[in-house]
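One structure, as structure tokens, below. Some questions next.
The first chain written gets the first letter, and so on, giving A, B, C and D; residue counts start at 1 in each chain.
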């Protein structure tokens, strides 16, 4: 770690480190009996986020099977991938502990992380072993801003996502003849909600939106009536919510009950806005809700297959599945390019190359100097009928936005 | 040594102690008697500082201590025992007594040594390592006294140390009390057992329904008709005298 | 009550140190560090909850104070990690004194004390979550920089040694309690506050001292936590999980005993790892087992594992005699 | 700042929500009044009741209000069993023991639910979930109005049970003087368990009232339990009218503070009330001197 404090760039560090290890690793390759490559998946299998962990695991397993069925890693003589799941138990210490266990199990890299708090400590733990770590949907910008050379992020971070969300909001509004002038922000008071509210408060006014109120509430919330009553009094054209599933559901239901009908509800990383459970259980309250979120390419045939698999397991489909499917795909390509399961080589390969993004709508994945996938972007979705449709950007859109929703 | 002036205590309208006064002379054994519910323990609690009086004052060695906290009074040399024994269950006999001894020494081994000495003095010498709950009732009463003694008091307030003991146990404890006084500790005791009061006390105060109704030598007080009435009900003194005359 | 001798404690600490250098895998090293941190937090809880009988449900307030002091001082003011550690510990004592002053002056104990400590920890959590100075909801990241002055080590065995050292201090403090006037006073007021007062114990002052020491030890655990994981937020630092874990470890191990918290932390966390392996990914299994152990230990071994082991050890020869 | 209509609506909503808080607090305060313990498993037991209501409704298509009739006896039995066979014996009658056993129970229950139902959120939709009662210009949530009415009715019923029935008299006798009650032949463990059972049955009612407009997940009870503690402390531990008035008061305070200060700060307001009450008047508004 002293290397970092001497402020050498991550690239030069890599080159010096790699030359040595590649010499050590070179013999033994390309033999007849290729040893399997172990891939660590760090997900909350138990605890509060267990559902997300499950969905992620389904995606990752699906990808592994696909790769192995197609003949494994070609560069390693058809070596099979072997998934090792580490349970982060939905908290940071257990995430670090599980990462240690993955390290002990001899994985070539760790994928996942899911929540920012877990990803922050887990990547740090992996950094001690120069163990490559590709983060999925943990969005805190800081994850890739600590100069950890082992850490990459596949998904868009917070700033990238909000930038896209704002751009698309402006376009949406312009296309519809600028029906929106006033905006109310409703957010949970944790990392995610407060962070988003801050950005929105800064960025919306210059774009010509007037923020009439920013309302924070705790998680869990017992009641949304007071929030909704304030919204009713303010009567904003647009509501920008950011909270977790339960609070979003509670708010949407209360909005419906109190007959508050804004012209649009536009969520960013909305807790429920892109949830099939929500759409299924409260079709009326969910109608027309828009979200800007991680989302798989709806047009890919694999997306449909993943959805089937998830539904067959009796679960509601969500973005964790396509993300982790694609993450494994990216990792497999990195191993192919590295021509080795060696960690330093994989880190180098991840940093140096472009990758096919699986079924995520990222075009070519390219990690920048900090390890952030520069091509990552969220999609805009809208609940239409009993489905969630992609409405932006055009190349992935399945449907036209219904906007404004209420007159 | 102890001067109690017109102490009054009310509990939500009910007067538990009403303008009670008493004084305890240095080196004496003073008794406080009275029927059940007379307010003896309440008066005791006020003297020891566990209850704040609604009126009146307590002075000790010429100093007004009415407003002082109980632990400050203990440091000044007033120790008390409780009517219902209150041993520290988690500690053994020696450690129980040592808590008292710590008042004058911060040193653990010294406190334990003193505790052993005092245990011997009150007759618990063989039970040092016993748990306090393993003691007999009499043993616990002794422990209660021993703990108080360990604080090296000048004034010892004993609240019914003899209650619950059988006659032979009482016979064993009486000399202990006297012995304590002989070592220079002034004693104020609440007692029900008249035999003990007659035997030990130099002066006796009688509390009834919160009021001090009599005081004096045990013998005279016992013949006081007011006292007899307090114990046995209205008209009892009259009847008693009539019966005696009859006999 | 039998008390461990100082030599026994020295042997235990030495054994821990030897294990630390016995070539543990990273996973086990990490687990041991966490065990030591929880043991330290539990030792803090034990001073107040075990010896003084004042069960706190809000020791997160102290843990969080330490963790945040460590993080804020280093990141915002560039204070040296070791100095931050000392200040963090002092802050824990101060927070303890503050909560203690308010609650003990009002004579709160039992359920009331448990409730008020819980409330204080929650208020701290909400404040830390919404205040920019403490990083708000985003929490605080500490810079990864290894070296002795940073209290971070490339070789984590050294950090483990430091946590063991802190636990050793905790052991010595508890040992001292059992051999001092102050400790005797604590137990006395636990067993009977009135009787203690009658013997000249200044109950308020003794409780204040106890909560300050208790807060300091648990804050030290918070400091070490921040330094080990390099990231804290309000839910980690002031969350109810740490209040519960500290209390669990102390009670299961043996509240009011020197070794209880350490044994409790090792057993509970070790068991947590085991159940994680056995539960087959069923969520909540580890905590479910924790809860059952807590109830069972209160029911069948109210004095904790330490006493259970002792009584088993004592009973075995007795049985042999019968046979 | 806000139109009077909104303010009135918010306060009425607070009052109605406060009624449900009060119902939850009612069980807690009753248990405290008799057993002199804080039941830390109360929140987890509320979650159990809510899951029961959800199960009955989702599985058998029963209306959540009718489900109360099924769930209340079940919760009653559960409460009785818990106190009689677990909390009572396991705590050895020590305050600290009870505190810790109920805490352990809450952890067990919460995680057993997590194992059984995952962290998933469950909801029930009824035709009246979104219905409003129009009171002039005011829109009042129908489930809330029902909740308010049922809470008042339940409180009156509880009052009658305590004052008119034999078991009620036994409960009050034990609450006042445990030793005396056992001397006249009242079985104290039975009365304790009955009290606990009644407290749990109250939770079943609260669960039935909450479910049409709320959700349940294994942690849901935790959202209500701290408020319930606050109400119990404010009203006076052990006081039934105290719980009712405390609940209504907290509901209104919460509504007003969240309207004018925001929901997040509103939470601190509740904790401050809690702390200040404990410090200044631990016996609460209606509690007898301890």
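We take it that a contact is a pair of C-beta atoms (placed from the backbone, for glycine too) under 8 Å apart; a residue touches a chain by one contact, two chains touch by 3 or more.
Quick caveat, the model's predicted, so the values are computed rather than measured.
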>> With centres defined by CA atoms only, which chain is the most remote from chain D?
In response: B
>> With contacts counted as defined, which of the two, C-D or A-D, has more C-beta pairs across the interface?
In response: C-D
> Could you state the distance in Å from the CA-based centre of chain C to that of chain D?
Replying inline: 32
> Just curious, how far off is chain B from chain A if you go by their C-alpha centres, in Å?
Replying inline: 76
> So how far apart, in whole Å, are chain A and chain D when each is placed at the average of its C-alpha atoms?
Replying inline: 39
> Where the centres are mean C-alpha positions, what is the separation of chain A from chain C, in Å?
Replying inline: 36
> What positions in chain B touch 2 or more of the other chains?
Replying inline: none
> Which residue numbers or ranges of chain C touch two or more of the other chains?
Replying inline: 126, 130, 282-285
> Can you list the chain A residues in contact with two or more other chains?
Replying inline: 46-47, 50, 189, 218
>> I'd like to see which chains touch which, written out pair by pair.
In response: A-C, A-D, B-C, C-D
> Considering the complex alone, what residue numbers of chain A touch chain C?
Replying inline: 1-2, 4-5, 45-47, 50, 87, 89, 91-93, 96-97, 100-101, 103-104, 117, 120-121, 124-125, 127-129, 140, 142, 146, 148, 189-195, 218
> Which bits of chain D are touching chain A when the two form their complex?
Replying inline: 2-3, 6, 9-10, 13-14, 17, 114, 118-121, 123, 125, 129-132, 139, 141, 213-215, 217, 219-220, 222-224, 227, 254-255, 258-259, 262-264, 267
> Inside the complex, what are the residues of chain C that reach chain B?
Replying inline: 1, 179-181, 184-185, 187-188, 190-192, 194-203, 256
>> Under the stated contact criterion, what part of chain A meets chain D in this complex?
In response: 46-51, 189, 215-218, 220-223, 225-227, 229-230, 232-233, 245-246, 249-250, 253, 256-259, 277, 281-282, 284
> Once bound in the complex, which stretches of chain B touch chain C?
Replying inline: 48, 50, 69-72, 74-75, 79-82, 86-92, 95, 98-100, 102-103, 105-108, 111, 147-148, 150-151
